[in-house]
Amino acid sequence: MSIQYVLEIIGTFSFAISGALAVRDQKHQDWFSATFTAFISSIGGGTLRDILLDSYPLVWVRDIAIIYAIVAGVITTFVFYRYLIRLRKTLFFFDTWGIALFTIVGTEKALHLGVRPEIAAIMGVFSAVMGGVIRDVMTNEIPIIYRKEVYATACLAGACCYLLLDKVGVERNTAFIAASLVIIVLRILAVRYQWSVPRFFR
Amino acid sequence: MSIQYVLEIIGTFSFAISGALAVRDQKHQDWFSATFTAFISSIGGGTLRDILLDSYPLVWVRDIAIIYAIVAGVITTFVFYRYLIRLRKTLFFFDTWGIALFTIVGTEKALHLGVRPEIAAIMGVFSAVMGGVIRDVMTNEIPIIYRKEVYATACLAGACCYLLLDKVGVERNTAFIAASLVIIVLRILAVRYQWSVPRFFR
Amino acid sequence: MSIQYVLEIIGTFSFAISGALAVRDQKHQDWFSATFTAFISSIGGGTLRDILLDSYPLVWVRDIAIIYAIVAGVITTFVFYRYLIRLRKTLFFFDTWGIALFTIVGTEKALHLGVRPEIAAIMGVFSAVMGGVIRDVMTNEIPIIYRKEVYATACLAGACCYLLLDKVGVERNTAFIAASLVIIVLRILAVRYQWSVPRFFR
């Protein structure tokens, strides 16, 4: 059991928590919709990436631990939600950690499947953000892509950083950690100093 | 021509009717949008299942009868819609029959493709409800997953029942009928006695 | 480099422009969301078609020129947008040209993959309109399918025309041009004389 695998399970678990919490604002929410939303949020991005790259079987179809990590996230949310919503900062770090991890894992996987770096970067960003986009579209929220936060852009920066370090021959684990830190630090700074991506139309 | 095939065609036909009826509440509706919506509602769930399981060619790409069943459903809706909307109960039974059938057929197909029972249950539920979810997202409705009815949960119960009966060695046709009945009876009782799935957040 | 390839690049470029322009009405828009929306609008339809037909690798995964055409479209929109929005007619012609091209290329590709003509027509229409539908769903717009314009219906007419000409043995380039013209002329006439597809429910 590699460290990366453990990290992926933790990422899935924390995405499931943020997914389950997202049904709070729905007019009607129940156990099914919370579990369903947690599931879509966690596996949506990676599933889209693997479908686009024709990489089968899908991770969660092959490895039941992913499903159990999601169920654990849902139960954790149910038991501790009063506590969790007071822990906004903790949640923010969990989510930020999740997108950092998913971006680099996704970029790496795409590279290994032999696509060009530009495509690998797109796949990394998709892995991290598309689960949330699908969740937002389904729950009639404005997708995170169209909100003010620096979110997907931080992922893109991290993916590009990883590709650059990989290109110049930096050892894989170092590149992994450095690129993840780029995403995490960028996002924290962006929230702290209210950075935003330059407007497209003035 | 097996009985199961005939049932699938009937399920597709009845899903097409409920899909075409869904455009009534759109600001603008025409022949194209009605047919398109009927098509998405009917084939959406099964198509998603087959893409997730890498099972190609897709049923409706291979078997043109599916397309004709959808067209027949659209024309039936056009000709009889005044009559159909008075027949709410009939429609409810058609739809309930459709989701029961699609759930068990989907679960079975996934099992045959060699996935674990947990994944097969997810695929069964997806087959039954994701067509409707995609339709709702496209027509700006709140997806059926986030409404009060016991809908997807009944499908999940039926899928689990099928898997259980299959595991203990019950003969396939018996398991099929018993699990379908679980879904149909659960949904009828839920509507009759206004059951709902327990809330996730109190 | 065939003429068809050049046309596809132009089609992608013009779809990227209309995608980037679509973020103007979003509450928040930035460089990332404009590029993302342009990307989804341009490749969404063809990607869905190829996933449904199990045709891998996807065009834009294999051919980086597609990505560069999208980036060029985004930059063009940024530089010239004040000019572009005054050029409504020019944009309309670009978009109409785009859907005509994508419809026939999509129909042709599906035919070559060996599906029946009915399925090929569906794939042609999907290639042309589903990128826009996904974009509209993501940006909380009413999908173009549910608007009054004759849009997808013109594509369907063009696809059927191509299939008919192909069936009676008309030479490929002639069929391509004739069918594209059907779509372009139909759409122009529809806008000019305010044609609309007959309502489904009276």
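Lettered A, B and C in written order, each chain numbered from 1.
Following the convention adopted for this analysis, a contact is a pair of C-beta atoms (placed from the backbone, for glycine too) under 8 Å apart; a residue touches a chain by one contact, two chains touch by 3 or more.
Protein names from UniProt, one per chain: A, B, C = Glycine transporter domain-containing protein.
Everything numeric in this text was worked out from a predicted model, so none of it was measured.
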item	value
Rotation angle superposing chain A onto its copy chain C by C-alpha atoms, nearest 5 degrees	120
Interface residue identity across copies chain B, chain C - same or different by half	different
Gap in Å, rounded to a whole number, between the CA centres of chain C and chain B	30
Where chain C touches two or more other chains, by residue	51, 137, 140
Chain A - residues contacting chain B, complex	20, 23-24, 26-34, 36-37, 39, 47, 51, 56-58, 60-61, 64, 67, 78, 81, 137-140
List of chain B residues in touch with chain A within their complex	51-54, 115-116, 118-119, 122, 133, 137, 140, 142-143, 145-148, 152-153, 156, 196-201
